[in-house]
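Two complexes are shown next, each including subunit A; its partner changes from subunit B in the first to subunit C in the second.
Up next, the complex of A and B:
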C-alpha cells in the first residue's frame, strides 16, 4: 500500500508540475499579457512565487488573488460536495432496488429515467428548473448564494459555513435562505453523476447477485435484506467507488456552467469571468487550482479504493 | 396567491425532510428583508463620485444616495428648492451668487472616517475647487476628468468660489447665466468632506476619497464588491427625515433577461430598464408595477435650412404636415413614447403646446408645396442615424415610414446613412438635406434644449443640425438666460417656441419614455424626470402585503 501510495503521489506531483508549465506558457499564448520572458529562469521564479503563495493581483478588481482563491474554492467545494452527496444518496438505493427487481416495471422506469437524465444538457435542465420552480411556482431563488440583505461576511466562501461562523442575529433565517438558494444548483449539478451512478450501481449489483457466494449464502437461508447488506452491497460498491473520481471530474465541468447560470460565487464562475475580462493572473491561478482540485479528488478516491479493495492493488502490479 | 403559499410550505416541508434539519417559517417577514431594499442595477459604477463620471449607472448608484448638493430641483413645482444651501441670491447683475449654508449637517460616520465637525463653507470651497482649479491637490486624483462640468462649460463660467464666513459662500461667474442654478441643481456638483479629503491626503491615499466615499446624503457606504453588489446603510443623522429603509443593496445584474427573472422571483425589489418588448407581459403580473417617465429627450427631423428648397419655411411646414407622426410613434417606440407637441418635453416648466402646426394633414401639405412652387414635388435625402439612442431606437425604420408618407405628397425621399462617426462629421459639415436625430438634456433648464440645438453659435460648432440662424430667435435665447425670474423666462421661451412653430427648422417627433419595474410592496421609488434615481423616500411594506393575502 505504501508503495502504491507513493507511486500515485509522485504521479500527482508530476501532473501538477506539468500544469504549472501549461499555466506559465499561457503568458506567451496571449500577446497582451507578457509578464516575463520564456526562459527557464523566469519559469523558476514563477514556480517559486506560486509555492510561496504569491499568486499576484487581479487586473480587474485589484484584489489579492490568493485571498480570493480560497473564497471561490470554498464555495465550489461546498456546492460540488453537496451535489455529489445528493447523487450518491439517491443513486445507491435506486440502483440496488432496480437490480433486485430486474426487468420489473420499476427497473425499466429507473433505467429509462437515468438514460433520459443523462441526455439532458445541464444548461437546459437549469433553465427548465428555473422556469418551473422559481418563476412559475416561486419556491426557490435563482441567483447568488444568499439574499444580499442578510449581511453575512464571507470567510470561507462556503455560504452555509459562513452563516454558522457569523454572529448575525438572523443566522437561522440566513441559513434557510442560503439553503433555498442552493437547492436548484445542487439538483442540476447532481443530475449527471446521479444518472451515471444509478446505472453503475445497478450493473454492479446484478454482477454480484450472479456470483456463487451469493447463491451459497441464499442457500444457507440468509434473509434477502441481510444478504444484500452483508454480501452484495460491499462488493457492488467497488466498481462504483472506482468510478467516483471520473464522475467528480464530470461534475466539476458542469459546476463551471452551473455557477455561471445561477450567478454563484465559485472557482468556475470566477474562471469564466476572468476569460471574458482577460484577467490573466486570475485565469492562470484559477485554472491551476481548478485542475489541481480535480486531480486531488481523483488521487484521494484512488487511494481509498486501493486501501479498501486490496485486490485492486494486485491488478495494478501484474508482475507480482 | 393561496395556492402559492401552500406550495411554498410544501416545498419547505420537503426541504426539511431532505436535509434532515428542522426549521420554521416565520409568519412575519424577517427584519432584514422587511427593512432592506434590493435594486438590481444594470452595471458597476465607474466611481463613487459623480463629479468624475457622468454615466447614468454611476449617477444612479451614487449621487442621490451618498451626497447632497447646494440646491435641488423639484420636478413637481418645477422650482429650485433649498438643500445644503438654505438661501441664495444673485448679486452684481448676476455675476455673483451668494449662498447661505445650512448648519448642523453631519457627514457620514463610518468604519473608515469619524467626522470631527459638521458641514461648512470649507467643504463647498473644496468640492468646487477640486474640479475648477487644475492646481488643486485633488484635481488629478482618480483621473482628473470632470465630464459634466466640461460639457456644460461650468468650469469656464465659474471664476472663483470664495468663503465669506463659515456658513456663507460666494460663487463668481464670468458672465450672467440663468442656466447656472439649473446646472447646480443637477446630480453632479455634490459636496464632499474637506476634512476627510485632508485626512486621506495626509495618509498618502487621496484616491480613497472616491472609493470609500463620505458625503452628507441619506445613505452611507458599507461595501462594494465588483460585479456583485454595493451595500449602503441608512444615515441615522441625515439632516432631512432619515430614510425608512435601513439597508439599500445594489445587486449588479447586467443581463436584462436575468433582471426580469429576478424581479419575478422577488430577488429584486426594483429593476431599471426592463425589456421594452416584455413590458406588456410584465405589467400583467399581479405583483409587479411598471413605472414610466418621459425623460428629457426629443427625437426630431431637422431640415438643412441652407439647402434649397428647405430655405423656404413653407416647404418645411409642408413636409411637417406630410408626416404621420402618431403612426411613427406607435411603430418605432411600440407606444413607449409621447408624441412631441413642442421641442420641449411636457415636463419642462417652459413647455408650450404648439402641436397644431405639426398636425398630420397631407392635403394642407400639398397646398403649401404648391404655394411654394413645388406643385410637382421634388426629391430629397433623409439622413438616418446608424445607431440606437434613447430618444430613437430605430432611425432607419423611421426614415422608411417617412419615405412612404412623403411619397403621398409627391416628395421622393432617399435614405442615407454612414458609420456613426462619419455620419456626425458630415452632418457637422452640413452635407445633408434633412436628418433624423435627437437630443438628451442634461438638466431641467429649458435653455439646454435651445442654445445647443438652434442658436447661431451652434451653427458654427456644428450642433445646430438645421444650420438655422435666426437673429430674433437668438436674441430671445440670450434674453432668456439673462433674466432670472422664472415666469418672465417662461414667457420668453413661449415666444421662442412660437418662432419655431412658424419657422419650423425642425420637426419634433417624440419624447421617449424611461421605464422601471418594481414589486407592488415598494413605495416612494419614483423615476426622476431628470437625473438619477433616489431611494431617500423608499419604503417596503411586506407585512401589509402578507395581510392582504387570504
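Up next, the complex of A and C:
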C-alpha cells in the first residue's frame, strides 16, 4: 500500500506540473495579453511565484488573487460536497432496493426515472425548478448564498461554515436562510451523479447477488440482513467507489453552470466572470486550482478504493 | 436407519424447445451416517443437480418428485422452503469446485471463518467473545491442516492457493459440525498432490466428526480411496450402485465397466495405434434423450429390450439397472 500510495502521489505531482505549464502558456497564448514570454526563465519565475503563494492581482478588481481564490474554492467545495452527499444518500438505497426487487414495478420506475434524469440538461432542469419552487410556490430563494441582511463576514467562503463561525445574534436564522438558498442548487447539481450512481449501484448489486459467495453464505444459513450488510453491500460498493472520482469531475463541471445560474459565489462563477472580463490572472489561477482540486479528489478516491479493496492493488502489478 | 434415503427422485424441466425432459430419472441414493459415498458421472449426468435437490436449492420452475426424500427419518418434501433451509443450513454443508469464487473477495479469511462459527458456540462476556472466536477460528484452521494460521487469517482469498482456499472452505463448511458434507468436484482443477491432501482431510474429518461425505466426481479413477460406496450416474439415470470394492473389482453394468477400463487402463499397455477403449458416440443433449435405458445407443451390449427402462437387479448391497449385466466374477 505504501508503494502504491507513493506511485499515485508521484503521478499526481507530475500531472500538477504539467498543469502549471498549461496555465503558464495561457499567459502568452492570448492575442491581446502578453503577460509573459515563452521562455524557460519566465516559466521558472512563474513557478516559484505560484509556490510562494503569489498568484497575482486581479485586473478588474485589483484585489489579491490568492485571498479570493480560497474563498471561491471554499464555496464550491461546500456546494459540490453537499450535492455528492445527497446523491450518494439517495442513490445507494434506491439502487439496492431496485436490484433486490428486480423487474418489479418499483425497479422499473427507478430505472426509468434515472434514465430520464440523466437525459435532462442541468441548466434546463435548474430553470424548471426555479419556475416551480421559487417563482410559483415561492419556497426557496434563487440567487446568492444568503440574504445580505444577516451581514455574515465571509471567511472560508463556505457559507454554512461562515455562519457557524460568526458571532451574529441571528446565527440560527441565518443558518436556515443559507440552507434555503442552497436547496435548489444542491438538488440540481446532485441530479447528474444521482442518476448515474443509481444505475451503477443497481447493476453492481445485481452482479454481486449472483456471485457464488453470496449463494454459499445464504446456504450456510446467514440471515438476509447480515448477508446484505456484510457481503453484498461492501462488494457492490466497489464499482461505485471506483466511479466516484469520475462522477465528481462531471459534478464540478456542472457546478460551474449551477453557480452562474443561481448567482452563487464559487470558483465556477468566478471563472466565468473572469472570462467575460478578460481577467487573465484570475483565469490562470482559477483554472489551475479547479483542475488540481479535481485531480486531488480523484487521487483520494483512488487511494481509498485501493485501501478498502486490496484485490485492486494486486491487479495493478503483475499477476503471480 | 439411513442418514439420507432417496427413492425414485425425479426432476423434470421444460427444455428450450418446450419439451418436458427428466433431468433426473428415478434416482436412488442411500447414505449411512459417517460414511463416504462417491457419486460418479460425466458432465450432464445430473450429479450436481442431485446435490442441489438434497440441499433444496432447485429452480422453482422445475418439478421435483420422489417416493421418498428422507433426512434422518424426516420427510424433507413435506417441509416448507423456510424449514428446509433451516435443516440444510444446520445439518448439511457443501464445498465446490472453484473454492475461491465461494469466498468473499474483499474480506479476510479470518473474518469469514469467524462468521461461519455458530453464535451459540462462542462463550464468555462481550469482550471475551472476540478472543474466544479467534481461538475457535485458529482451532478450525488447525483442524483442516493449515499450520500458518496467523498468515492465513490475515490473507484475502485472492492471495491463497487453490489447495489452501479449498481447505478454508472446508473449514467454513465444518464449522457448525454438519452431519453431511456434499463435496461437488472439490479437486477437479487441482494438482494430484493437492488432491491427495484434500481427500485425506475429508476422510479424517468424516472419521473424527462422524460426518457423512457425499463426494461428487466425474472420474471413477479419482474417487476417494476411503469411500465405502459408489453410485454411477449417466444422463440422469442410475446405472449401478454398491460397495466400492464390488463396483471396482466386479462391475456388473457395461457403463461402469467401460468407465473403469477407460480411466484405469495404462496407455502403454495398449497395442500400438489401437483404438482407445471408449464408448462410441457422445453424451446426448437434453432434447435428444434416448427412451428406455439412456445408455442404449452407446452401449456395446444393447439389444432390442433396451428401449424399456431396465428394472433394478440386486445382489446383496450391489444393485444395477441393466437388462444384460456382465457376468458375476466368482474370484
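Everything below uses one rule, namely that the second predicted complex is superposed on the first by the 318 of 320 C-alpha atoms of A that agree within 3 Å, B and C clash if a C-alpha of one lies under 4 Å from a C-alpha of the other, contacts with A are read in each partner's own complex, and residues count from 1 in each chain.
Following the convention adopted for this analysis, contacts are C-beta pairs under 8 Å (C-beta built on N, C-alpha and C of every residue); 3 or more make two chains touch, one makes a residue touch a chain.
Quick caveat: nothing in here was measured; it's all calculated off a predicted structure.
For the composite obtained by overlaying on subunit A, subunit B and subunit C can both be accommodated side by side without a clash. Of the two partner chains placed by superposition, A:66 touches none, neither subunit B nor subunit C. With both structures placed on the common chain, the touch criterion links A:273 to subunit B but leaves subunit C unconnected. Of the two partner chains, subunit B is the only one that A:135 touches; subunit C does not reach it.
Of the two partner chains placed around the shared chain by superposition, subunit B is the only one that A:183 touches, whereas subunit C remains out of contact. In the superposed model, A:231 lies in contact with subunit C only, and not with subunit B.
Comparing subunit C and subunit B on the residues of subunit A they touch gives the larger count to B. When both complexes are overlaid on chain A, the residue A:15 reaches neither subunit B nor subunit C. Contacts of A:220 after superposition: subunit C is touched, whereas subunit B is not reached. When the two structures are aligned on the shared chain, A:151 is found in touch with subunit B, with no touch to subunit C. Put simply, the nearest alpha carbons of subunit B and subunit C end up 32 Å apart when the two models share chain A.
Subunit A has no residue lying at the interface with subunit B in one structure and with subunit C in the other. Here subunit C touches subunit A in the complex through residues 55, 57, 85-86, 88-90, 93-94, 96, 98, 101-107, 115-116, 156, 158-159, 169, 172, 176, going by the rule given at the top. The touching residues of subunit A, counted against subunit C in their complex, run 211-213, 215-217, 219-222, 230-231, 234-235, 238, 308-311, 314.
Chain contact summary for the complex, subunit B toward subunit A: residues 4, 7-8, 11, 15, 19, 23, 26, 30-33, 36, 38, 222, 226-229, 231, 247, 249, 251, 253, 258, 261-262, 264-267.
Within the complex formed with subunit B, the subunit A residues making contact are 60-61, 130, 134-135, 137-144, 147-151, 170, 172-173, 175-176, 179-180, 183, 263, 265, 273.
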